[in-house]
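Here's the structure we're looking at; comments come further down.
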């Protein structure tokens, strides 16, 4: 079931030469698309460090969209191929951690493809809405050290969750 | 470093760990005598008899040096971590378990219910009535308690404030010896403790720095498991032979003990200085040097690493950004 | 010995008997092996699809489902995925059914629901539907055909008439050009015939207009016959029984309608192949046609086999050079782009 | 100590304020981001205006701001403006951060509440990022005053002349034996009906004899390395088998050479040339070239007629291709266009029907130096046509082929109509969809051709066929078309058809683009930096595109662009040095373990390995700042300025609202 009023928060990485200009073009052309993606401009998709994706997911993002130039059209000639390689290995590691690989998407968009950038964004938001919130580590607050004397730290779980009744 | 007359107190405790770190301390051979000579060992469960209430009775801050190894798995570990923190001046995260969760941290890959189920229901466990441990149980003598499990295993620094870290699984004996000398000098006022939160007993580069093997420009056509490679070239970098060696991203300090003898580094010394997520460093290192440009071709090469999550987070899962599997987090 | 699943089609039984006889005559020299799809049914020709899509496509897909059951090898002969349809209308309907069941999954689902009544099922894309001339030119190859020619058709001026259903819509880009395909021209030249440059090679013959709008059909037929006659072709060669029937059977009605007296025989290209392979006209169903081809074939019928090749006089080069025409490969490559 | 951050939210008239509550964003920033260091948050109608910039300068001086965050339009527009403003006030320009809340927020969302919330997130991200910004100094790099112009058509010639006349050296590289490009093939030019060769050859001679221009014809660029101001270019000078010092261009070798070959390039397949040839009489340079594939000597080792008759012994059969290595500061690409291949429109019958000609074929037909000495005749080379049909938009404005309009084919069609009329008195039909006569004196030319009696039929031609249906169509080419103005189908028999074909990018445009590090648009033309405001520059600093290489255009526009690019080149040369973005990567020597994973990742060879102290290092001059090695370094030993890990991680936390002041 998809909870329809769930508004996903998505972090988008763009490359300065192609996909960022595609988003600018979508702007100048007043194309309307889903507002859930917040963009970060890198010089190249090759600059994307998997740490950024892990950081975004662990800090509350429900999905991450990586965009760059089409293979062969990279301003730095071939660096988007490295982005593709990292993306493919990262997705496998995320699967191992129970995160649906569809939460991280790679989209190539050239500077002339404003419309494509807008439609891919909206499509991705719908995909994430279907997957539902990720809510990574938000409720436990585990990142902040527990203050002294916090007895019932939410970390310690009540036994009932796994204890079986002893047959009479 | 105020010490009232007699020798400074020393404590060592083991939470969710395997005891290897204790053995590593013993493994410093005669150096252990220096410990005894310079320190008054007040609390060391594996080596001497001492009770928790003895520690609770001590004044706060009276223990100079505590080497705390092991991750925080249950409420007993947490209690002791906080207790020893209150009682010690220098609290050291000793060994990979305390620093980043290590092998016990891999339990974070599954929800805690499955862990208990697995422990009491494997093929080798004869448990027809499916009896599980009870948190408390009444016996004539009174009510018995056993520690309650935490949802996920946490490294020490997520529970208490840590003064410095000593990575390694276990830390190399020569590094332990060096740290003991350092603390002794500090006690004598001849040396200064490194700034709070710094890593001691390890290098400031990565394993490749100390690895004897020859290294060239990397371009990998396929990943293989070490046993699938007939003769492993004794001199050439293992990664270049297609073996996923974690050396490039693992902190130096162990003199590249494993790669030197032809075993790939599996990353027990944890991430290099200032690295936010150890796994991410390996993901980007391995994938950037793959020699393929199409999704199919890249996927074919990546299939050479059967368990990528385990490969990149073997020691560092609990200390990583995501820390655990999503199902583990979901347990209420 | 290349094996194919044959979908003969209804006209083979009746108006296209000559097509069937001539095919059977050329199978042996080109060592082709046609295995008829058992219990095939009519393909709906050009009418049914226009009336009601789902039942029409189910009718056609039934043949595909039956063919799909015969693809695996049986006692020694290797299996095949290719269905051959000699008639252009059958070929187009089978190809359309296969293509649109893939293109619109909802159609596929409905059709398979219908087929399930006869516990048949067809997953789109499993078969390769091709026309006979496509097999002859691209699988058998013009070299093999040229080597099988015993009596070259020198002196026979033929107008190659491909018809409109074959090259369009060209889903799998099989033909050299969707407006001016040259497969039939090349094949007839391989038989030694003198092939004219016939611009109306893909113009429509009227199809079923002969039934519902005869005047239109007569005008379309007149154009075909008049242009062939003006380029003094002795006969037309076609790949489709419907085209053959329209031009042949309605030619004198057309003459009466326009007050003209064209006499343009139209034969199946396989009949000409039979003649070139040395078979007797009777075996090939020659003579069955209404506009008889006796004096057209007189040009080769009585011809003593000429021993040496007549060399065409070397034309003195004058005037402006023609631009290089596209090889078939370029044409198809361009169409694919 | 925390930074002192100023946040400035721009209304941009109503562009932003229309869908983002700018007051609320500014107020929110001051309140919620105060603990991070935001001490002032203003909103203003037009931040990019001088008043807006003064706001920033005043705050920097008076409040001692150490970071400035401007929430307005895209950095590609006004990042420079606000950096200069900061510099004027004494703040390092790289401590300014531009948050795009127009192109990425107000213009693309309609719900005001949602847009305002997103704007706040973007501002929060920008503030967190700005705090991690480090002051940077631009890297000054010297400019080499040589320029490379690729392509010797009219645009390339113009560009080369302008730079050379300004006193700087130019290498003009041309793939064909002579410069001149397509213009050299035309007979007349529209709308003035100037003889094309008469206005072109003087420019060619000027370029050929200019002391500052090194002409490299029959040559191709094979490799380009380096960056703006410091390009190292490798040029392959193909062997002409003619010694250029000895050859006087007398042409005897061409007369004596027995081997005739169809000239597919200059004569567009209509005329012949010899195995040793100059494309046309006024060729510059006037040295012939030997066509190795067709010369009998190279096939069978016999003949050598040219060598026998050459008065100066200039023939040299064992001349080899030469590789030249040159250093230039800027590169102008003027590589021109390819004609659309009319054979793709099979229903127009080109290649099958003899009397169907393409525009280039007709240019040669009507050219006095052409194969028929200017007589407009049919394919048989004798009969003059009595009626001619000219079809416009062949392959252009057509979804099956090229969507775009090729700009010149309408005027070209009118020119042909005039020439046919003038030379043969034939009746001329022009078949057009829209008559595009947009520039100076173009429409007047259209009126003139109308008055001369050319018949215009408005409709897309469906088919050209020789299958006559009625007696008056016998032996003619019948043009079947819809006449939209008359509202009916028409069949017009003519003797000759001329296809006014469209323009298409060069078949190897993609490879050439990759060679020079620029990209191609969806249709295949080179992509300009900005379609309206920067049409001759590209995304790659120092590489310019002019003429039809950038898109279909007529001669005046090509010349104008050629000159425009020269102005840009001269302005770079006169600056003597260029400031490179200080976005570079550097290796921290202590942390680097010499694992060499980064060594193979740099296409600009900026990463080297020092074997003796076992560490990698990055040459700042070659590093283009892409950051791939920064992200790849397993030890985290490579850091990148401008886009450091700290900046990006901070921006992620900021965007996810993790740095807000706790409630």
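By letter and in written order, the chains are A, B, C and D; residue numbering begins at 1 in each of them.
What we mean here is this: a residue touches a chain if its C-beta (ideal position, glycine included) is under 8 Å from a C-beta of that chain, and two chains touch if they have at least 3 such contacts.
Computed from a predicted model, the values in this text were never measured in an experiment.
Undergrad: Comparing the two chain pairs, does A-D have more C-beta contacts than C-D, or is it the other way round?
TA: Output for the comparison: A-D.
Undergrad: Measuring centre to centre with C-alpha atoms, which chain is farthest from chain D?
TA: B
Undergrad: As a quick test, compute the distance in whole Å between the mean CA positions of chain C and chain D.
TA: 49
Undergrad: Just the number, please: Cα centre separation of chain A and chain D in whole Å.
TA: 36
Undergrad: Taking each chain's centre as the mean of its CA atoms, how far is chain A from chain B in angstrom?
TA: Roughly 29 Å separates the two chain centres.
Undergrad: In whole angstrom, what separates the CA-based centres of chain B and chain C?
TA: 77
Undergrad: Give me the residue numbers in chain A that touch at least two other chains, ranges are fine.
TA: 49, 51, 55, 78, 82, 86
Undergrad: For chain D, which residues are shared contacts with two or more other chains?
TA: Expected reply: 601, 628, 631-632, 645, 649.
Undergrad: Provide the list of chain B residues touching at least two other chains, using ranges where the numbers run on.
TA: In chain B, the residues touching two or more other chains are 276, 281, 284, 288.
Undergrad: According to the definition already given, which pairs of chains are in contact?
TA: A-B, A-D, B-D, C-D
Undergrad: Help me check something: in the complex, which residues belonging to chain D touch chain A?
TA: 74-76, 100, 102-105, 107-111, 114-115, 118, 121-122, 125, 510, 514, 517, 519-522, 527, 539-540, 583, 601, 603-604, 624-628, 630-632, 640, 642-643, 645, 648-649, 651-653, 655-658
Undergrad: Residues of chain B touching chain D in their complex?
TA: These residues of chain B touch chain D: 204-209, 215-219, 237, 239, 247-249, 252, 271-276, 281-282, 284-285, 288-289.
Undergrad: Where on chain B is chain A touching in the complex?
TA: For this pair, the touching residues of chain B are 74-75, 78, 82, 109, 112-113, 116-117, 129-132, 134-135, 148-152, 154, 157-161, 276-277, 279-281, 283-284, 286-288, 290, 292-293, 295, 298-299, 302, 305, 307-310, 312-313, 320-327, 329, 331-332.
Undergrad: Applying the document's contact rule, which stretches of chain A touch chain B when the two form their complex?
TA: So the residues of chain A touching chain B come out as 49-51, 54-55, 57-58, 71, 78, 81-82, 84-86, 88-90, 92-93, 95-99, 134, 136-137, 140, 142-143, 145-146, 148, 153, 155-157, 159, 161-164, 166-167.
Undergrad: Using the touch rule from the top, collect the residues of chain C that touch chain D in their complex.
TA: 177-180, 197, 199-200, 203, 223, 226-227, 230, 318-326, 331, 334
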